[in-house]
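Two complexes come next, and they have one chain in common, subunit A, joined by subunit B in the first and subunit C in the second.
Coming up: the complex of A and B.
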């Protein structure tokens, strides 16, 4: 085990270092993101996992300047993309990046589209706003081509329809069409399938894969669903209470969880493919971020900590363990903890154990 | 003989496995009205003739996508919405025929837990009043006995009696769901309809509630009608599962039968669509990606309702509606079922 701090990969396409986001409210300051670092390389899928309030969406939205400030206060950084620090760009310069080089796919495609403009108009607008030389009719042709590419049936007719005339799955397709309209290099998908039924989710995941293969875009996938992560991500960042608690390859995450929170999540997952006796349940609930605890934010719920003073008093740093980065004082006890949880739920959590 | 004495026996607990609820040919229609003249323009058959049985102490999972009629079924079982056909027989008594006054004592035995614990708890009542209300309304206890009963219920769902003086907004989503469960248990029911009880919760909290529901079922010999869209959760908690599509049950059976050999193409597609939390299996499973969306229930396809998305559909599927055939352990409605 070494204790180097994560070094930014020179090959990174987009990197975030020590990002902090706080919200000033009437009832005090909420520290939503407390020093988060990650990076994404070209063509890669980075999964960001965490529960409601873990700061996963906020950290990504702040990168694109999508958080209204006030109340949001962003500090730390830099956030590096194309040699520029996005946090220091003017709104005008940021706009040239946002939607042109980095695009966002939101969870709820109903609220993400303007309800009084046609889908076609909105996709064309996304093209023309970044390239004035494109004529209206060329933008229309390109939009129809995009709609057809994402599998919207009858794209010519669909071009002139309004968002409410699309079904949920279709709207998500249209949003993906808009996100790839300018051959963006990074796609940020924030819970892209959470609002969808499972058969539609399968369609959209398949489409994202196709689209990525065609555009070579890197993708940041924010989700709470470890099943989706296992299917799509290359690397994973696990967030808890505004911090990264584990960062590793998707295989290591499922084979060797290096943080008790990750372990808890894996154990609490009901599984279709295997029989388990019971679900592991992480006791308690996430801390109130207006009053974040002084030590490890997970200590009060942790099966490994067992009330040890170190956990309550000092914040664990993200350190390298094997192939992973983990923020746990007692990471060397993870193996035994994993065995205990596996025993409790009647299923060996470490996937691929049998094939090794 | 008065109605009361005629049905008094319904409050005596059944042994696990005895028949509790028989739903037969249940259908629920919602009229479609024009916005101005309120003329009837037709109707949506949200539930189009479904039958199932539920035994004491057992969990039946009702699973399907948005708009398949699973929640409507749950509400109809409680007569919170009226059915347009069929019968709901609770221990030999047909609830669908009953007057409200007769129904009242059956309400003690069938209770519901809703998806959103935020909107299903009165924000102006303390937790204690919320849980005490059904007991008071049914005149089952008062004074100290009522307070003791509420304390007992709070502890049963993993809360402390001291929590009783607080208001719903002071609790997290998971704790609010516990309050909703305590309220549902207040009258000592035999059957709980659980309508997406964990869908709004984060995964770690979801596991707490699923484990709580399993413990309560064992301790109190409860039967659950567990309605959810998440197959993994339904599979984990259910003894038997019924899969719904556009108002019909397309396949039903024991959990193991359904999982090991799904016979209806829709069940097979649904099972294969669930992401597997195991990256070593990536791309190995045979994923069936269904084309298109669920058709509108106001104008369902002729014959088999699934045929417009089915890769096996033939002419006969458009002409003849397949009926649910098989035995209680496994039945399905398909002209061209998958191999066993």
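Coming up: the complex of A and C.
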């Protein structure tokens, strides 16, 4: 397994190797993440795509030790950041990393702020947690500066307002301000636009881009929205049932999908170019992770497998195909499959980023 | 023809849309005006204060309790006589111009003793409630936040305390330790903390699951800091209510102890101690000025504090009405 996984790049800022996360529940053990590896280089945007329950959020939360344990059990690794294995750090040392070097932006800005404290108080708090030498007034000045940086109008007045006085988009801006308060090196955005209006989504993505350029940080963007990926990411990791099924640059993902699951995702994007009465969809349901199938987890839903025994019986390894890494037994049939899906939709889905 | 018909209709529609937009803008302007007049009381605390002010009974009760507190504080200035001045020439005299509420069995002025007695009742009530709430909050936070075996141990201790017949144990403890205001406060606090502990633990269990706690953790806050900054802030409102009600029951307990002769030492005046005199049939039947005033003082104060508690509860949580 390890010999076929991508070799860790020495330049990587944060790398995860063969990470496993299981949840010990009353109804048995759920394997949420089953041997995931990825790395991120300075200044890069890594997109992690997958549907609900594919283990994308869990894998990232476990990097920062944010999963409650029990029930979560983390094994594998190492998770390397700054020459340290984050999985082996003491809680105290890990606290110095959280929010300071690796910061997180949460999905729902409505619930990620404490409703009984002012936004300004909470941003100042985020600064003072890591540097107690910062005075209250200095933290306030910095918070106001951050609020204006993320485009919150009237930051002086907004500083002393409560979360309920902010709109959803404004709250997400404030959350970004809080995340970048300590000039972090890695920014983890867990579905940062999912809870927002479509019109606000674009603004927030743009803001993330601006903020990232300004702070020169790497960003991990977790999403189930390929549109967001196309917009922001440099490289993409596609996850399915707790495993990486494809890992590639954003351009080859859209031009040359190397896994039938990726193909299914691309095919199911709504298109403006052609009239579609129904959207293409991937049949079936993701497997129950308490009883993961012995072979390829995607086999039952796969358009490529057609019930072949190999898919059902053996787990495909992540292997290098061209510029991509793919975990499919029949990756060489992908070209034809892509043709087929394109024909079904009536549009060549292999459009590059530039033609969109 | 059809086109001719269509045109005026189109204009109509446009007019309607324009009117709608105009009314929408007006509505938004209204909102703005509303917003500016409503904007000052926006913090949760200010909103609660505003709601409390609307609770008539609680407000009157608050004024009453403040009045008693002020009288107790200014006792030397307010009291007409020395509460401990024995005058054997006027024993058990009914109310008169010289002694508004009469005199007791040692010829002491009842009104003065009521005023000085308020000091004991209020001190015990407030101090015992605060210590009980403090202990209960600390243990409740720890139990709710750490979960696991710590929680188990603390909650079993709570169960044990709640299953004691507390009055009898308190009586015993006070008898052993010797009656004084400090012992009474400590002993009452020692038996009253489980209520607040349970409530705080319950709240903590709910609050710790909030996203903002996870966000604080992701931001590098320690557990202690999260407890202090986030959990405690969420617990404060129900805790205030409980503390208020606790102080009422502490006042009652002190009165009961003093009535049974285990309160503060004579000759120091306390409401419960004054009631002690009503143990004699002659006093009970013929001299209501000896027991009615302290009885009314206890009942009124406890009632007022309970009303304040009700008002606070409604102010903090308007959904929970009675």
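Criterion: the second predicted complex is superposed on the first by the 341 of 356 C-alpha atoms of A that agree within 3 Å, B and C clash if a C-alpha of one lies under 4 Å from a C-alpha of the other, contacts with A are read in each partner's own complex, and residues count from 1 in each chain.
The working rule: contacts are C-beta pairs under 8 Å (C-beta built on N, C-alpha and C of every residue); 3 or more make two chains touch, one makes a residue touch a chain.
Just so it is clear, the structure is predicted and the values come from calculations on it, not from any experiment.
K.L.:
Determine, for the superposed model, which of the two partners subunit B and subunit C contacts more residues of subunit A.
P.N.:
B
K.L.:
Quick check for you: in the superposed arrangement, does A:250 touch first (subunit B), second (subunit C), both or neither?
P.N.:
In the superposition, A:250 contacts subunit B only.
K.L.:
Return first, second, both or neither, reflecting whether A:235 touches subunit B, subunit C, both chains, or no partner chain.
P.N.:
So A:235 meets neither subunit B nor subunit C here.
K.L.:
Touching A:113, do we find subunit B (first), subunit C (second), both, or neither?
P.N.:
Once the two structures are laid over each other on A, A:113 reaches subunit C alone.
K.L.:
Quick check on the superposed pair: does A:185 touch subunit B, subunit C, both, or neither? Answer first, second, both or neither.
P.N.:
neither
K.L.:
Could you say whether A:158 touches subunit B, subunit C, both of them, or neither, answering first, second, both or neither?
P.N.:
Neither partner.
K.L.:
If you stack the two complexes on chain A, which partner ends up touching A:198: first (subunit B), second (subunit C), both, or neither?
P.N.:
Touch status of A:198: first partner only.
K.L.:
Which subunit A residues qualify as touching subunit C in the complex?
P.N.:
Going by the criterion above, the answer is residues 64, 66, 92, 95-100, 103-104, 106, 108, 111-118, 125-126, 129-130, 161-162, 165, 175, 178.
K.L.:
For subunit A, which residues are in contact with subunit B within the complex?
P.N.:
These residues of subunit A touch subunit B: 51-52, 153, 167, 169-170, 197-203, 205-206, 224-231, 250-251, 253-254, 264-273, 276, 278-283, 285, 351-352, 355.
K.L.:
Which of the residues in subunit B come into contact with subunit A in the complex?
P.N.:
Listed in rising order, the residues of subunit B that touch subunit A are 65-66, 172, 174-175, 202-208, 210-211, 214, 229-233, 235-237, 259, 269-282, 287, 289-290, 292-294.
K.L.:
Which residues, counting only subunit C, touch subunit A once they are in their complex?
P.N.:
Those residues of subunit C that touch subunit A are 42-44, 210-212, 214-222, 225, 229-230, 233-234.
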